[in-house]
Every structure is written in C-alpha cells, then in structure tokens.
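As written, the chains take the letters A, B, C and D, and residue 1 is the first residue of each chain.
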Amino acid sequence: MSEDSFTVSDGDLVLLIDINKLKNKYMVRITTSNSNSLKKISGLGVLNLNKLVGKKYGSIFEFGRKKLFILQPDIMDKLDSLQRKAQIITPKDSAVIAINCDIKNGDYIIEGGLGSGAMTIVMANLVKPEGKIITYEKSAANINIGVSNLKKCGLDNIVEIKNKDITKGISEKNINSIVLDIPEPWLVVKHAYMALNPGGHFASYSPTMNQVELTINEIRNHNFLNPYTIETLQREIIVGEGGTRPSFEMLGHTGYITFARKVLDIQ
Amino acid sequence: MSEDSFTVSDGDLVLLIDINKLKNKYMVRITTSNSNSLKKISGLGVLNLNKLVGKKYGSIFEFGRKKLFILQPDIMDKLDSLQRKAQIITPKDSAVIAINCDIKNGDYIIEGGLGSGAMTIVMANLVKPEGKIITYEKSAANINIGVSNLKKCGLDNIVEIKNKDITKGISEKNINSIVLDIPEPWLVVKHAYMALNPGGHFASYSPTMNQVELTINEIRNHNFLNPYTIETLQREIIVGEGGTRPSFEMLGHTGYITFARKVLDIQ
Amino acid sequence: MSEDSFTVSDGDLVLLIDINKLKNKYMVRITTSNSNSLKKISGLGVLNLNKLVGKKYGSIFEFGRKKLFILQPDIMDKLDSLQRKAQIITPKDSAVIAINCDIKNGDYIIEGGLGSGAMTIVMANLVKPEGKIITYEKSAANINIGVSNLKKCGLDNIVEIKNKDITKGISEKNINSIVLDIPEPWLVVKHAYMALNPGGHFASYSPTMNQVELTINEIRNHNFLNPYTIETLQREIIVGEGGTRPSFEMLGHTGYITFARKVLDIQ
Amino acid sequence: MSEDSFTVSDGDLVLLIDINKLKNKYMVRITTSNSNSLKKISGLGVLNLNKLVGKKYGSIFEFGRKKLFILQPDIMDKLDSLQRKAQIITPKDSAVIAINCDIKNGDYIIEGGLGSGAMTIVMANLVKPEGKIITYEKSAANINIGVSNLKKCGLDNIVEIKNKDITKGISEKNINSIVLDIPEPWLVVKHAYMALNPGGHFASYSPTMNQVELTINEIRNHNFLNPYTIETLQREIIVGEGGTRPSFEMLGHTGYITFARKVLDIQ
C-alpha cells in the first residue's frame, strides 16, 4: 500500500462501519462523476460519494447523526456484505478448503455450485491476478445473485460463470483444483478426475454424512490419493468484565469437507 | 500449469510418497549436475536424481523395493516435511489467520516469532510473488531451522529474517498485517499499531487464556477496531467398512487466535 | 412399577405433552377432592383432573382441540418444567457432576447456590429415599422459586434449604459431596474441606476460566487429591429425509466443572 | 457415613492410590481371616490386608518404598479398575445415558451387551438397593470378564446375567429402561417396545452414523415418542504455571447415543 492509498480516491471500494453498531457495514464503490455521485445505500440513506473522497482510511466520517469508520473492505467484510439466498460456506470452511487445496495466485480452479458466491469470492481473492475461477451453476437465479455479489466485490473479472450442470461434464483440462458445493458431488468425481492436473486437488463441501459416504466411495473408484474428510468447529472466546469464557453462541454444524488428489495410478 | 510441467525437470521441487505408507513423504529439489545428482534422503537411501527427470507427475517411481508416488508438493506436504523444533501453528489455525487477515498476493507482513517457520511458509506461499514477509526472531537456533525449512520449500526469497526481539520495537511502516506467535504478544501491541496501515490486521496466536486476556486488554488501550478471539477444533471423519464415524484421534487444543484492525480514532 | 401404576391415580405427578408440539409440556399433580380437582394450567386452560384418573399412561388424552400424551414425568421433563430465574446447570453438566461425585441413594450432599433448583432436583432424585440435600442460598427470591420448583417435582422432602451465605461457613460434617454454583467458589474451599468426609467430593461449576483458576489454586492450598476441571459439549444428531448430520443448533458454552477429593494428608 | 466407616474394616472395598503416580490405583476387598489376609496385588506385590485394618480413610499408607492413599473407591475409581476387553462406554456417556433415562434407585433395567461391564456397573450403582439390572450377553468370554468386574466392585448381587442374544427377544416385561451397546441395535427395537413400561426409556450407544440411522428409522416404525440422538465431547482444562488452557489430549469420538420413550399410540 503506497501512501496515496491511505485516502479515499475515485474508484475505491470503501467500507463504512457504524461505530456504535459494528455489525452494520455498508460497502460502496466511489464514483465521482456527476451522474453517479449520489448513491442510495440501504439502511443509511442517500450519500454524496464526493464527500468521502480525500478522507483518510481509518478515520471517522460523520453522516447525519451516524458516525462511520472508513475502511478498505477485507475478505471478511466482503463476505459479510453479500446478498444471500442460501447458506454460504462460512469463512472457517473456505479457509480450510483454501489451505488443503493450496489455493494461491495463478491457480486455475473449477467450482461446482455458485450459490451466493461466497466461496467464489474467497478463491478469486487468492488466485488473482494470474489465476482464474470457472464456476458451473445450473440455476439462473443463483447466477444473478452471485454475479451481483462478485461485481460488488470487484472480483467479477477473475471469474467465468457457466450456466451448466457440472454433473453432466467438465470441458476444461489441466486444472489445479475442483471445489464443489452441490447436492450430489459423487456424480462429478469422474469428470473431476479428467479435468484435473496430476496432483490436482478435489474438494467437496457437504452437510450430511450420507453425501460424504457416497463421495468417498466414488473417489475410491478412481485414481485418487488419500481421500479424507474433515469437520471444523469454531467458537469465539469472550474477554469480558466478569471474566474470560467461550461464547454461548456457536454454530453446531456447517458442513463436512472431503479432499483428494489425483494421481495417474494407484496399483 | 503448462503441459511441460507435467514431467519432472531439473530444478523442480519434488515430493515422493510411499504408496504403502502415505505418511512417509520425502521432499527433494532436482539437481542434475554431476556433483549434485546423488542425494542421500533420510529414510530412503541414496537417490540418483537423474532417474526422476522426465517421469510423469502422478506416476509411481520404483526405488529398490519401495514404490513412490511422484508429486509436486502442495502447502500441506511442505508443512509435513518441515524439521520441527517446537509445536508449529497447525494448518487449521494458519488458514484461519490467513482469511481473517485477508493475506494474499502483494501483502507486506510482519511476523513475530519464526519458530520452525510453518506459519511463515503458509504466508509466503500466499503473498508471493509481489508481497513479502519480514520475520523478527530473537533465537539464532530458531533462525537456523526456519531458514533451512524455508529454503527446502523454495520460499526463502519471499522472507526477510531479522535476528531481533519484536517486543523491543518494529522499524517497518505501512504494513498490511502483523502475525505473532510469541510468549508475550501484549508487549507488541503498541509497536504493531505504529507499523500497521490504517485498516491493517493484527493477529496473535497463544495457547493460554491468560495470554488472550492480556493481549485483548492491551489492544483495548489503542485505536483498534473490534478485537475478537477464536478457537478452532478440527476432526477427521472416517468412512470405513464398519460405517462412518468421527476419528477417535483429535487434538484437544492448539491455540487461541486474537484479531483486531487498526483505525485512526475510536472516540 | 406395578401394574397399578400404569393408570393415572390420585396423587400422581402427571406430564401432559402436546402431540403436535412436543416442546409443550404441562406437569400437574392429580388431586381429586372437590375443591382441588379443577386446575388452571398455563397454556392449556382449566382442566378437570378427575378426567385423567384411570387413564392409561402412554395413551393420548383429548382436551378441547388438543391431543396430549399422558406420561409420568422423568427427570428431563422435570427440568424442562422448572420456572427459571437464571441460567440453570444443564443436564449434560449435572450428569457429569453426578457421576464424578458418585451421587447415589443415601448420599448427604451440601449444595452452595440453589438458583432455580435444577441441580438440586437432579441430586435429590438420585439420593432418595435415604439421602439428603442441604442447600445454602443467600437470596430469598431464589429460595421462593427453588422451593416452588422442588414442590412441583415432589422432591421438597429430600431437600433442606438454609437462607445462608455458604462463603461464611458450613455447619454440617461428614458430608459425601459438596456441589457449588456460586460466583466465588474459592471462598468455600476451606469450609468444604472441614465439612467433607475423608474421600468426599468437591465439585464447582463456573462459567469463566478465571473462576476455575482461583478455585483450583485454593484447592491446592488444602489436602485435596487430584483436582481437575472439565468442559463438556453436547450436540444433537439429526436423522432427516435429506440425510444425517449434526444439528446446527448447539450451546457453545455452559460452564467448567472442577472436582477434587478430600484426603487427610498429601505430604 | 457414620464415624465408624472412617477407618478400614474387614469386608471393606478399599482403593490404594500411589501418591506419586495418581493413575496407579489398586482396588482390594479387605479379608482378614488367616487364609486370605495375604493378597498378591498386581503392580504392588504381596500385601498383608491386616495391616490396613484400622487405618483412617484419607490417610497415607506406607508399603515398602511406596506411599499410598487409602480411599473408599467411588464409581470413577471402579471404572478405572476394570479389566477391559474392548472399548468401554466412557463416564461422560454413561452419565448422559443415566440422566436421559432417569436411572435411579428402584429401576428395573434391561441391558443388551455386557462388554466389560462398565455401563452395567454405573447402572447397578444407581438402582441399588431396590432395583435390578438384567443383562443379555451372547459371548461367554465377555460374561467371564464382566462378572469378575462386577464382583470386584461388589455389585454382582444387583445384576442378573443371561447368556442370550438380545436380538432374539426379551422375556421380561414392565421394564423402566433398556440400554443397548450392541452392533445391531435396530434388531432389538421391537423387543424393547414389548418389554418396556408405558413411558419407559430406550437408549442405544453406537459408534457409527449408519447404526444411528437404522436405529432411528426402526424406532419410527413403533410407538415411540420423540427419538433423538446426541453426541458428547469432553475436554480437560489445565491450570498450569504457564497459564490456563484446554488439554491437548482429547478423545475425538466415542459413540452416539439414541433415546426414545415408549407410548401406547402416536396416531
């Protein structure tokens, strides 16, 4: 980050956080041309974006009676700001997928199931600028929401979306990783094998044990190395005046994630 | 990955996995000049690296009575192959740090405490090629092990190591994230604040509740937004002949991770 | 259970469960004398208890448009039916206390902190008919609720309640177990030591790590054997049409429970 | 406990714990007749039981170079002292079964699968003196071990063991609870229904999700109220010199426990 980037400029993606209610976050792209500078932001009202230009990141912006932190949104803020249709893959799980598939700059990744685009956004953020995400999604409604979310986060140029059912086949080859969040991932295992590089990563996120069983058993019918499934639980720790303790709030379950790597032969 | 990269070439970092004992992994850099092509690999014996050149990734290499998968090591393999002096930050935790700090290509990151270099390697893998990790480590012995591990993984060019105690101060500025794994992280909070960008991320990994309390309380003395601490548990699910169940083996605890973002004012 | 007890009789404690909303449970004592047989039950309306007499346990009772299972309440039903003022000790935790203290018929137990009486009821249910619970509670308001709950469950004759602050001292001796749910349990450790039998059990339930630390450290100042603290998490597994998975709902934290046994000397 | 019971007497069941290695526990019945007073105790040597008589419970007994705490064994000590053939139901799980089935003095309980007798011992300890456990076990080898363990704990008079396969039928009626730890619990559901009281409790402990599914589905074919399955995790918290943290050691999985109550009709 150069010094210049410490102040809000035209074209920046900016996050405003209510200093009294930190869960209230508003993400907006700064556009200062006459026709675009007045922006209606749901929950805030109409904001003149010109007034943000030149403000320091990290400072407080007064808007009516509200006080708002001005920040560059990070990946967690982006995930918080998505329009959601269904359950998204939570950050704890997308992080586990990212490290187990070694997702990084330059990777070419096939995604099966766009959903609201949360996993897509996490992956696009990691593979840019040299990599690419190709997402198969059969629901046009999901594509509408997902594309809108990708644009909002400025990551749509990293993602190609195909309105296709991934269980019918994958046309790409030489792919680094395939990441699935679909009801019947076992139907994709053979297509995934064909599309992946030698050593390429297969990952599938599923809520039920039965999906895990069917997927693992299908993986074992192909030349995949070491399939394994993991479950991740996460809990906040509260340091309060009364003492330190885990949070009473906790998600009891999200999904199981199954991984495997393609090899040419397992004998 | 181009087609060329599907066969082993001079200079490649190669992983060999015993097909009968998948936990036995050997990571080696291919060097084919006369003087370097014979390589003694602990647990395997002396290997003529020339014999690997031209082999297909994903295929099986026969070495004596052993059969070995030939793969390009991923980040998980690299972590498995590290020489360890102390407990390392496990992948579940390094993944959580990476997503909460939004670590990605181009980031400049200060690390406090090199340890055996596991977290360093995860971060270097994500920030390359444009970013950089600057690691403060006061123990020369740790530096020896850590540098050796970084070289082994081919990531030493992304990391600068300083033989300094980070609790005494940080000389860098305009940093994206600061990641600590040291006994007294609370002593670094004020230095971290000075070094970070507005909106920059502070992360600290600590095994005990008492460290969390002291760190959170010190964070609250500075202009940090929304400090929070999380604990992550991970468990494998086994799909076996007798049925599907969680693994009996599980790490009961690794560490708590505390996060916060720098702002200029919190009023 | 004799055959006679399979039908509702005068004096029985009866549980009615709405067959369409199993969480709606109504617990009522059958009293058939003229003046008491009409009973107003919150959420149900006025019930003529005479109509229940002679009905088979396990059968369905039609009351207006509602259909209700007739059951003898078990301990879980009793806990569900309590009037609550504050957080109660949950069944997973009271079960862990019961087995670690070996609570059973004939035990004499001191309880510190009545709360709404949930733990008291679990213990009274186990020590009857020969044992006894003596509960210290300094809040008269808690005593009102707790006694009402004990009476409702027919266990008030097993429990003696003292309107006293247990941190000021315990007058009983030769006690099998002492079970605490109070803010400052460490203040009771020395009194507990005096009151307990050799080999007697100390148990303390606390939400925070800081309470655990202070309690364990005070225990170590006395002749207690092997103090230890445990945390218990519980999750429901759902077998649904879509497959089998853990419940999304889960309590992230209730309390830590610390145990120790009195000995005469630890050298 | 009367004052008399504070010293070791003929006939007592006594626990000796090595004060330097608290995991080393020795459970012995005091027999002072000439022919029985010398007892060889595995791991300790030959002990003259007469020397223990009259010693105070809670005091330290010197035996050779060893120092041993003298205690009355509690249920946890008894479980620690069992000869084990297979995995036992752990205390966290037996406690959960006990409270969900409301097991208490006077209950008549059918157990399917004796194993090493751990669950039997927990239940016998709770139903005595007025209740009874009737255990079906088809393996004669298990019966040998289980009976030996029950005798060791002085609980064999509360338990009747039948060398029968419980999946073939249950001859008892009017039972309070049925508790299963067998490979195919779903085969017992219909027999359990016939044997149970109205309102009686069915409980089944199984390691795999598949067993849970089959059991729950069979329960749904009969008039059982509200079947549910729970999983319990337990972790120790360590208060050490370096701070307070959860233990690194933790059992990742033991078993799932399924519960249901018999009713006469569910419409």
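Going forward, a residue touches a chain if its C-beta (ideal position, glycine included) is under 8 Å from a C-beta of that chain, and two chains touch if they have at least 3 such contacts.
Computed from a predicted model, the values in this text were never measured in an experiment.
**Q** When the contact pairs of C-D are compared by residue number, which of B-D, A-C or A-B has over half in common?
**A** Selected from B-D, A-C or A-B as the counterpart of C-D: A-B.
**Q** Upon optimal superposition of subunit A on subunit B over Cα atoms, what rotation angle is obtained, reported to the nearest 5 degrees?
**A** The superposition gives an angle of 180 degrees.
**Q** State, to the nearest whole Å, the distance from the C-alpha centre of subunit A to the C-alpha centre of subunit B.
**A** A distance of 22 Å separates the two centres.
**Q** Find the geometric centre of each of subunit A and subunit C from their Cα atoms only, then give the gap between the two centres in Å, rounded to an integer.
**A** It comes to 45 Å between the two C-alpha centres.
**Q** Just give me the whole-number Å value for how far the CA centre of subunit A lies from that of subunit D.
**A** Whole-Å distance between the two chain centres: 48.
**Q** Could you list the positions in subunit B whose residues touch two or more of the other chains?
**A** If we look for residues of subunit B contacting two or more partner chains, we find 209, 235-236, 244, 246.
**Q** Name, in rising order, each residue of subunit D that touches subunit B in their complex.
**A** Spelled out, the residues of subunit D in touch with subunit B are 207-211, 235-236, 242-254.
**Q** Which residues, counting only subunit A, touch subunit B once they are in their complex?
**A** 1-3, 6, 17, 19, 22, 56-60, 67, 69, 71-72, 74-76, 91-92, 94-96, 98-102, 104-105, 108, 122, 125-126, 128-129, 174, 176, 197-199, 201, 209, 212-213, 216-217, 225-226, 228-239, 244, 246, 256, 261-267
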